[in-house]
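Please find the structures below.
Look at the two complexes coming up: chain A is in both, with chain B in one and chain C in the other.
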Partner chain A sequence: MLPRRRTTGHLFLRMWCGLVFAFLLAPIAILFLTSFTASETLAFPPAQYSVRWYAKVLQHLKDAPGLKPGLTGVFLLSLRIGLIAAAGTTVAGVLAAYAMHRYRFRGMAILRQYFLLPLMFPQIVTGIALLVWFNHLTALGPFVRLILGHMILTLPYVVVTVGASLEATGTDLEEAAIGLGASRLRAFLLVTLPLIRQGVIAGAIFAFIISFNAFTITYFLYSGDALPLPIWIFEYMAYFLDPTLAAISSCLILLTLLAMFALDRLVGIGRLVTR
Partner chain B sequence: MFRLLLLLPAFAISASLLIACLILFRYSFETWSPTTGMQPGWSLVNYFALFRDPLYFKAFQITLQISFLVTAIALLLGYPVAYLLSLSRRKHLLLFVIVLPLLMDVLVRAYGWIVLLSRSGLVNRALLWSGLAERPIQFLGTPTAVVLELLHEVLPFMILPIAGVLQRIDPALPEAAVGLGASRFTAFWRITVPLSLPGVLAGCMLTFSLATSAFVAPLILGGGRVFMMSILIQQQMTMLLNWPAGSAQAIGLVVLVSVLLLGYVRALRAQRTT
Partner chain C sequence: MGDTAEAVRLDGITKRFDQVIAVNDVTLEVQRGEFVCLLGPSGCGKTTTLRIVAGFVEADAGRLLINGKDVSDRPPNKRDIGMVYQSYALFPHLTVFDNVAFGLRMRRLSGAEITERVGRALDLVRLRGKEERKPGQLSGGQQQRVALARALVIHPTVLLLDEPLSNLDAKLRKQMQLELKALQRAIGITTVHVTHDQEEALTLADRAVILNEGRIEQIGPPRDLYAHPRNVFVADFLGRANFLTGRVTAVDLTQGMATFTTERKEVLTVKGVESGLIVGSAADAFIRPERIVMRLRGGPPVENLLPAEVVQVIFTGSLVTVELQTEAGSRLFVDRASGGPEEAFAAGEKIDVILPAPALRLLDGRQPL
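Take a look at the complex of A and B:
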């Protein structure tokens, strides 16, 4: 586009964007600052600063008698669901993306849309549809329900990122390996898979983040035996309004930032614009 | 045969959503009353209620109003950011800020807005200090809070498609207009903006459909009092246990969102051919 020049229009553009960025960062920044307050309330700006609410988080890590499950158990459950769901969708997604890339067949465009469906499907409808269906499948335990729900939600992300990697890699090298006498499986495992490694890992990280943060679907599928982190936060929010949650949120935001750096290292977030 | 085997696991995962939706569809034809509970049958009464019941109509109306408002403001806020993103040399840092709300825990984001908008929060402090308000304003539980949270949620979906299109516009085109004597603003308004319209359309469709099916914002920032369609569905399903009516409302929401997304797909296709 036009070369940069210090015009009034440009200045206005930068100020406008500055305001939008302030808007995007405001709720995150406020949680960070409030988490260090010394007072019992969320009033801003804090009169004095302390780390007492982080100490409170440490107390919450243990199971409180009679009350709720402790944060450690809740966190580990979310971690377990996220890892299993991400592993499952990564395998399924890689196989499907590979099949769609390697073999051109009729109806493929429709199949692709079909795999991407959960991405834009209203999550609340996915949630209640699974709620109604699982009501007939009493054999499925709460843990399995959550995993299946999260796999539905995360599959599209893997199909998209792996599909893009395969598209960028092409089939020449794999063909060459097969031409030189490698079996199909060997060619895939030793040539194609290492080439698309980044896309696969990025898809898996995406799937994990989406599963770990999924609230809407989880809200309709959880039970007392399997209570993941977003639901724990939701229930805590309903009963307590002290800054403990700000401290927990700050920790979660730090984790999100770490995941983003990892994603950026692997695929570069610039890809999100250029596709 | 082999390729079918490869597709099978992913197919099974996606198929479970379809099966669940078919069962939901079946439920929408049953009848329900508080005394007898669910009665099996094939009745259209839940679908008629979608159009007749004033409560449902109100939910529909509020959902559309909020979605329109969110889409319009998101476009106004997002377009300049997308433009700056397509020009900027420090694209990376900007992208980080834009993508962060996408990858954040939705409840953490909602909680951040609660802290900002509470009676002793930063927004009320600023309003009191500047004299714009005489006493703290109750934001939580109002449509204003829902709109603000939703904006935060949908802005990346408005910015990224527009930036994607802006990046592909040949810089020679607005340059030529300036060379031929147009002012920079005219070149932007008459050349760049029309060429970016497919991206604008795609962003608006995405934003609108996300806003219509939003659940966390009306639940937490609206406290369930901003009666959007998702809240209606949630109350029917989990509190009243009127599954037939809730199912019909969910199907209605899907139809509404599908129509919007078909528009989105067409916008993408138009973008590819130009």
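Take a look at the complex of A and C:
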């Protein structure tokens, strides 16, 4: 490490960093402040402050019969899709990444790229493709369609994070376990899996977040019976462009922060990022 | 345990990677309790050979017998081997105890027996008291000893060591070599050790196997290989050596003597030659640097005396190396224990060099470059 020096250049660097952080945080801060406006529009800065739009959010929590589903149900649906898709994607992604790490076979480079395709394709293309494809699979309900679509979307993230963890772990350790008498399965479960745990968890978290936030692909797959949160917000915006949106968004930000805090307590996000 | 004498037998083992032959028709028997070093430059196939014995690489041809049983088709976890890696390959998420206990747990031994055997293994490598440490909290030398304990605790038929000391610093490596040798002798375990460090092989091995481009060049006790290398590769790889290129100009097999003339027309007598030497054939005369005699000018005439000039004297600690050039132009290196009169030689000083006939050996001519 070089010694830190207090120079003019150093000062400018600090100011520059401060500006970048401010620029990144500003939209969120503005949204948060706007949610407390007393007026009917999304104007910033608010002339007067109130919590009336949060009261409106509370009203939307329950289903409005015949009109549209309530926020509670919509939120829980998104949560369920996200958790199931993340779980499915994590299992599939770990298996795929492991196979590509452990075995050298012809066409592997192509396969590796193939797994990343959903990341490269515009989501709208994947969305249209899935819409056409699922029209032939009429047996699948909208809930299953959404989960399958989100699994396709999130698989690359798990393959990449788990692949990186496997790369860092190498093959010596698993080999050593087998040399000591472990079967391949036990060597994987007792040695490799604990060592790539952080990559697996990181991949699963990514998968959940991507699924929870996914709008484009979801737009092609949802139905009135299965309407996830991003679609609900979008539809609401199409009819009413009022500060309720700002209030909902602020609630989501708060929930995200709480979830991150809880996760950090549980598994240590700091360690996830550094490894 | 089988009744056969040898613990491990490789029979015509061959392995190709794409177009490259990594191991070429290797046949080798390792006796029970023997310490065998596979020695050679990088890429000579020594590690591949070891991994074939372990079962992590499948041979294209040949048979592998452990304890007299053909295990060529058995997976590594059914081969009864203990392996130590260059990287140690300790499980970083497990404690020292759990690392050492791993192989015993795979064999489903009782908890009490595991505790007892792990304790004994840790005693053996002097790591009692470190049971609850994680590998990351140990020094390189300690990690190496944990890896050794982990391999030994399962009482394998054969211990396989893949350059286990090469990550240690020079001083610790020396110390560990001696410890490893003492440990191996004490428990009498059959050991196959891979190294590129010829000094390590000389120190440790009962027999060394010199490999080059996938082939065995020579097998034998280190002393034999050092004194009687079969060819230039072995002579050059094992220890330091002086080579003089030339031709065989006369052979007297009744006396076991030959006359050798260097390309610079220096005539040397060689003793103890074997049959098959052809007059006129190209050859290399070879002599170890410690076997060359130096003396001041003006002594009585003797066999194989070459007038020479000191080029430089290099002090390397316990050894002093004197670089010489004969008047005909051949380069020679002479090693002496430091502290002797040779240290006083000055560059340019004219002396006499004697290559004693019994210390000279003739090897097949080097391949023309």
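As a working rule, the second predicted complex is superposed on the first by the 227 of 275 C-alpha atoms of A that agree within 3 Å, B and C clash if a C-alpha of one lies under 4 Å from a C-alpha of the other, contacts with A are read in each partner's own complex, and residues count from 1 in each chain.
The definition used in the following text is that a residue touches a chain if its C-beta (ideal position, glycine included) is under 8 Å from a C-beta of that chain, and two chains touch if they have at least 3 such contacts.
Just so we're clear, the structure is a prediction, and the values are computed from it rather than from any experiment.
Enquirer: Touch check for A:I178: first (chain B), second (chain C), both, or neither?
Expert: In the superposition, A:I178 touches chain C alone.
Enquirer: Between chain B and chain C, whom does A:I110 touch in the aligned arrangement: first, second, both, or neither?
Expert: neither
Enquirer: Touch check for A:A47: first (chain B), second (chain C), both, or neither?
Expert: neither
Enquirer: Answer with first, second, both or neither: which of chain B and chain C does A:F234 touch in the superposed model?
Expert: first
Enquirer: Of the partners chain B and chain C, which touch A:V191 in the superposed model: first, second, both, neither?
Expert: second
Enquirer: Which touches a greater number of chain A residues, chain B or chain C?
Expert: Of chain B and chain C, more residues of chain A lie in contact with B.
Enquirer: Over in the complex, which chain B residues touch chain A? Could you list them?
Expert: 3, 6-7, 9-14, 16-17, 19-21, 23-24, 27, 77-78, 80-81, 83-87, 91-92, 94-101, 103-109, 111-116, 118, 120-122, 125, 151-152, 155, 160, 163-164, 166-167, 169, 171, 174-175, 178, 184-185, 187-188, 192, 209, 212-213, 215-216, 220, 230, 233-234, 237-238, 243, 246-247, 250, 253-254, 257, 261
Enquirer: Help me check something: in the complex, which residues belonging to chain A touch chain B?
Expert: Those residues of chain A that touch chain B are 1-2, 4, 7, 9, 13-14, 16-17, 20-21, 23-28, 30-31, 34, 41-45, 88-89, 91-93, 95-96, 98-100, 102-103, 105, 111, 114-115, 117-118, 120-126, 128-133, 136, 148, 151-152, 155, 159, 209, 212-213, 215-216, 219-220, 229-230, 233-234, 237, 245-246, 249, 252-253, 256-257, 259-260, 264, 269-270, 272-275.
Enquirer: Flag every residue of chain A that touches chain C in the complex, lowest number first.
Expert: 170, 172-173, 175-183, 186, 190-191, 194-195
Enquirer: Which residues of chain C touch chain A in the complex?
Expert: Residues in contact with chain A: 54, 56, 75-77, 81-83, 85, 87, 89, 91-93, 102-103, 106-107, 150-151, 154.
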